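In the two assemblies presented below, subunit A is common to both, partnered first by subunit B and then by subunit C.
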Partner chain A sequence: MLPPFALERPDRLDEALGLLDDVSVPYCGGTELLMAMKMNVLRPRCLVDLKGIAELGRLDWDGDDVLVGGAVTHARLATDDDVLSGSALLASVERRVGNARVRSQGSIGGNLCFAEPRSDIATLLCAMEASVTLQSQTDSREVAMRDFLIGAYETVREPGELLVNVLIPKVRRYRGVYLKYQYSERPTVGVALVHDEAEGPWRLAVGAVGEIPLVLEADSPSGFDPHAVAESIDLVEDLSGSVEYKRHIVEVYVRRAMQLAIQGDSL
Partner chain B sequence: MADVGQISSSLDGSGEHGQGARQESGHAYVGHSVLRPDLLEKVTGAAVYCVDLRRSGSASAKIVRSTRAHARILAIDTDAARSAPGVVAVLTCDTLTGLCSRFGHIVADHEILANGKVRYYGEPVALVVAETEAAAADALELVQVEYEDLPAVITAEDALAAGAVLVHEVDLPLLDVDNLSPGEGAGSPEGGPRVDNVAHEVTLEWGDVDAAWESAAVVVESSMHFPMLYAYAMEPYNAIASYANGRLEVDSTAQHPFMVRDDLARVFGLPLSAVTVRAPYLGGGYGSKSYTKVEPLAAVASWHVGRPVKLVLDVEESIYTTRVDSAVVKVRSALDADGRFIAREFDIVMDSGAYADNSPLVIAKSVNRCFGPYRVPNLRVRGRSIYTNTSPASSYRGFGAPQGVLAGETNLERAAEELGIDSAEIRRRNLVQPGEEILQGKRGIDADLPADLEMLLSALKMGEPSNTKWYGVGFACSASDAGAFPVSTAAVRVETDGSVIVLSGSTEMGQGSRSLLGQIAAEEFGIELRQVAVRQSDTGSTAYERTTGASRTTTLAGLALQRACADALSKMRAMAAEVENVDIDTITQCPGGFSLEDNRILRYGEIVKKWFGASAGEVTGVGTVRRSGVTKQMPPFWEIGMVGVGCRIDPETGAVTVEQLATVGDVGFAINPQAVEAQDLGAATQGLGLSLFEELIYDGPQVVNPNLVDYRIPRMRDLPSRIDLMLAERRDGVGPYGAKGSGEGSLNPIAAAVVTAVARAIGRWPDRIPLTPERVWRLISDRTDDE
Partner chain C sequence: MSVTSLEIACTVNGNSITQAIDVRTTLAHWLREDLALTGTKVSCDVQICGACTVLVAGEPVSACTYLAVDVDGKAVTTIEGLARDGELHPLQRAFVEKMALQCGFCTPGFIMMAKALLDSTPQPSREEILEHLDGNLCRCTGYAPIVAAVEQAARVLQGIKAGENG
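The block that comes next holds the complex of A and B.
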């Protein structure tokens, strides 16, 4: 059962930022937070509910870029017409996040800040070179996804900061594949292989197997060595597999993602 | 069911079922897929479960649980918790002075609250009762327990090792031996000192097994490991108890309310009539809610504080309350060159956890069920249920059959392979014919297994893909001595408008017994279903039922009800003769009443009213079932399992996809065909879970995956794309209209079928389930160093 807590429901961002500290934490979908509270892993004094703050629900397109408010749900990203036409890949990944309840309640900001190593969306966003905006009462900073995640359940976000939005530049021009091997409730491995159609390299991100996604670049989708990727990646043994098995699965899934990309079966 | 491709049978909603052997019913209500009366309220959320119940003035309890696998309790300091806000009382075993503080229907070895020592991580040590659940939860950590660790035995192997520490020091007597034959109980009546950790041992032997090995064409030895499981009823255990004025009332999630009542009466020294146990709708049972679980805790709390007390467990606590016996089963079979059994020998070791619960029966049943429905001229089976310092194990759908059949059937497949005989053919040569005995002195097989096998094979053939690389088909069969001990009663009350109330002690836990009992009453009285109300599982007001398990409800509760209906009808016939002043022989039954010689029809309601001489009154009929007549011979019936699967393997990942499932439900007569098919599909799906995904994993003293995120159960997407659910209805059971039970059969052999299919696809035999992708990958790539 949930331990006792206070609930604040601000409707302005500055009000919310004024409330956040070590023991007052952001709350949106609660799909990770409430579970951790039920298990007594986290015991915040106050939950600051962000669902009433309009600007955190933004989904703003600017040319090829999209700015996604931190409180936007997975379900919205999976079904929004502009996302579907602007980035079928992003929508398809969001459509397969967690389960229906997680998708309808869970937010992109919550997902990234919880830094669950097996987050599909974190792996994809690392490959797409997305960044997040962290705002506090006094400051605002933009951090690249690859710098934002620093370990399992660990980010550079400070207690008084809020992830207000995610910027995915050139998302309309990204083509690629996301493959995941999922036997249990969360993926064993997630592999994103994307590139900007207009320019630049192919980027491979391998997530879920280690604490944070591994990101590599090559000139073409065939430019990666699946075996070398598997050998080089840091892996964590858990109930979904031993290190030996996970290394093997990484190799298989990197190769499968490359085959799809080479065949042109990209979204 | 959008994810499911093709399901043949009535599950497509047509209400009629297609394939299978069926005799014309000629009945109005039985034999038809009627709409279940509980369906609407369940899908709309209106159905009332135990957790929904409130009693005014009630307090809430939470359990302080052991953090050690095995330790002496040196002291329990409850002072801080007692003075915490909202706390009403804190109970420890010392609070229970004057009560019988142990329960258990076979061996009363289970302390309500740990006494002197704890035997597993998660064992209840103290109980905090508070005004609210939150207050009780907050006070839990204030209870300080001082332990002195003892060496722990976490596996059966450790527990059987020479010099192993004893989980129980005293050998307690067996209380209930109705079902434990054949074999000897391990308990001595006096309760002397124990010498080992064997909770119960059962042996079964005939012929001369030792002589057989010499004359065999092949001797095949194999062993299988069956995992530790959780039955995963959606609803965790919970109860609300009220003790006042020497009377105890308990509502709980009990499959067997009458057995729980007996345990509670023993704890408090109360007459059985002073204890009432009610079970509302259960959110799934699968055996895990058999016998007494949380009821004594809620009851002693209420007894102590003088208020009603509610106790609700979460999933993790439920996993630590009852799990499934894991097992290692070794098999040796001797066959002649034609593939006929000469002898079979089994050694079954089950890890039964810290308390016996129903595991002595599980091991006894496993012994009876492991060797299969075959002619085995020489047999030796030894089964041992072992105490370990892990959570207590007990009944699980199939009662020992899933563990035993997995080993027995895969061993037969390996023998077929060695002899070069086809899987179907080797079974044709060994399966018993209808009426043949497989257990000496017991009821002959009341099913046509050879015919069932051919039904199964025809369905499997239809689903087989043309490209068979990395694809395997497997099938297996089983026969379980089902129905448990035949003690059932039922009552019917015929009202002044001719409507009928059925009273039964059988619990509705999702299997559809409310619908089934209503159908039988409507059929027998010739009235509409809506005129029948079924009241179940209230020890204070419904009829007695020993248990709701072993697939017995249709056969035994159904038979008792049919007899209760006959009793009421016979009484009403006599009453009609009396009020009409005619010879009773001139009165014949017709739908809804009786017809007289002058063609007048007297409806039931008219008879009741005329006889009482008022617009009032009621006629009661009672029916009983005991070891007499058609149910004299044990078992009451045999429950058949006949299941096949087609599995595709991803050779790179080891992932197994079950593409086809075929089941034959040999049920004698399907009173509600759709419900029977749903039971078969449910049992098979649960069986796919343990075959492929499910396993509780102990790492040291604790389970590391006691939640739905880490304990993987089957999902809709895991269902095969082709499903054939077939019913064989030959009216060969002793139940109503020739019915036998259903609900466990399709689970029992399915793991063997899956293992066989995977072995055929990859060319190697697994020695354990679940067949996780990593295990299959290791078999394919010849890596064996994981376990």
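The block that comes next holds the complex of A and C.
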């Protein structure tokens, strides 16, 4: 049995937004929230279930861009035909999130809003310059992924706001690699190295090792210095390893990602 | 309206159930304590080991961290729902024949996870099996017999399907 709470199951977005406050929180797949409640880390009074809101389940393509509803699951992003053909890179990263149960229950919005530092999705989306739309009863704002995450388990989202969708512009044109080292359920390090085929720089994002991903740009995939990246990144010592170990593994994985991208071994 | 108990309607292993459930109840607790379906095991309780895997609308979920009320309107399949007329499901038979278990505690979860794979990918490669079962833990077998059992079950199920079609 979980600690006491009440449940709301709205089927409209405005209804859900009207219910949210400090103690009434969004609830989607529950893979993070229910676990935190079991451990008595979080004690919300009311869970507002988002799974019945059709708008949050959208997966809309507009040219090269894709708009992903906040409640879309990892499993759907890993197997959807349009995602597979539109961004094999995104699909392949989604396919390796956690385990098959977490992928079928867990949502992209839940992943980003919980802001657990060891997220593959946040790292990839920072490199792809994605943004999220946060909507409240009175307002709607678009926030770049890199500004959305402000620390471990911390985002700029206000209690009355929902992450209604994630916009990944030009996703069809992005090519790149995503490498992670993972010996348990969550990555020890994740490295995304991507670029827009048509124009612009290569963007490197290194995540899971610190509170938020580090994002850097260069003109070519060989334009990064793995040693300098490892020296400059803010690392957090935790059960995945010491600062010294993480510095080493960052350097190794950045170098490997660069080699793959230089060889043209990208998705 | 905010509620602390909800009347839900679902099917469990094909049987229709309508019941009022406290929203705090996990699916694993409901299956085991209310429906006496104790085949679903709870071990790590944090979605890592896979012992509590059941299928909801055909998808594998961790029943330990899933609200029972969330199966409202859906079909739930547990390990007890696999055998037909006293005949073990090909996956269950393959686990026995390949000696893919010792203590057996993780077995229902492995079998339900494998069923989810074979339902969507009837002829998985060895890599696909390994990747899909990556989130289930077994401390007895060393995994090799489990993978062999899933491969055998896939072949048997393909044979049954070919027989039905031909």
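Criterion: the second predicted complex is superposed on the first by the 266 of 267 C-alpha atoms of A that agree within 3 Å, B and C clash if a C-alpha of one lies under 4 Å from a C-alpha of the other, contacts with A are read in each partner's own complex, and residues count from 1 in each chain.
As a working rule, contacts are C-beta pairs under 8 Å (C-beta built on N, C-alpha and C of every residue); 3 or more make two chains touch, one makes a residue touch a chain.
Note that the structure is predicted; figures quoted are calculated from it, not measured.
Colleague: Regarding the shared-chain residue A:Gly98, is it in contact with subunit B (first), subunit C (second), both, or neither?
Modeller: The answer is second: A:Gly98 touches subunit C but not subunit B.
Colleague: When the two structures are overlaid on chain A, which partner does A:Ser242 contact: first (subunit B), second (subunit C), both, or neither?
Modeller: First partner only.
Colleague: Touch test for A:Leu34: subunit B only (first), subunit C only (second), both, or neither?
Modeller: Touch partner of A:Leu34: subunit C, not subunit B.
Colleague: If you stack the two complexes on chain A, which partner ends up touching A:Glu185: first (subunit B), second (subunit C), both, or neither?
Modeller: Both: A:Glu185 reaches subunit B and subunit C.
Colleague: In the overlay, answer first, second, both or neither for which of subunit B and subunit C A:Met1 touches.
Modeller: In the superposition, A:Met1 contacts both subunit B and subunit C.
Colleague: Among the partners subunit B and subunit C, which is in contact with a greater number of residues of subunit A?
Modeller: With both complexes superposed on chain A, more residues of subunit A are touched by C.
Colleague: Return first, second, both or neither, reflecting whether A:Tyr153 touches subunit B, subunit C, both chains, or no partner chain.
Modeller: After superposition on chain A, A:Tyr153 lies in contact with neither partner.
Colleague: Do any residues of subunit A touch both subunit B and subunit C, and if so, which are they?
Modeller: In subunit A, residues 1, 3-4, 184-185 are touched by subunit B and also by subunit C.
Colleague: Mind listing the subunit A positions that touch subunit C in their complex?
Modeller: 1-8, 19, 30-31, 34-35, 38, 46-47, 49, 51, 75, 98-102, 104-105, 184-185
Colleague: For the complex, give me every residue of subunit C touching subunit A.
Modeller: 1-4, 6, 22-26, 29, 45-48, 50, 53, 59-62, 65-67, 69-70, 113, 116-117, 132, 134-136
Colleague: Which positions of subunit A touch subunit B when the two form their complex?
Modeller: 1, 3-4, 181, 183-186, 239, 241-242, 244-245, 248-249, 252
Colleague: Show which residues of subunit B lie in contact with subunit A when the two form their complex.
Modeller: Its residues touching subunit A are 133-134, 137-138, 314, 652-653, 655, 693, 697, 704-705, 708-710, 712, 772-774, 777-778, 783, 786.
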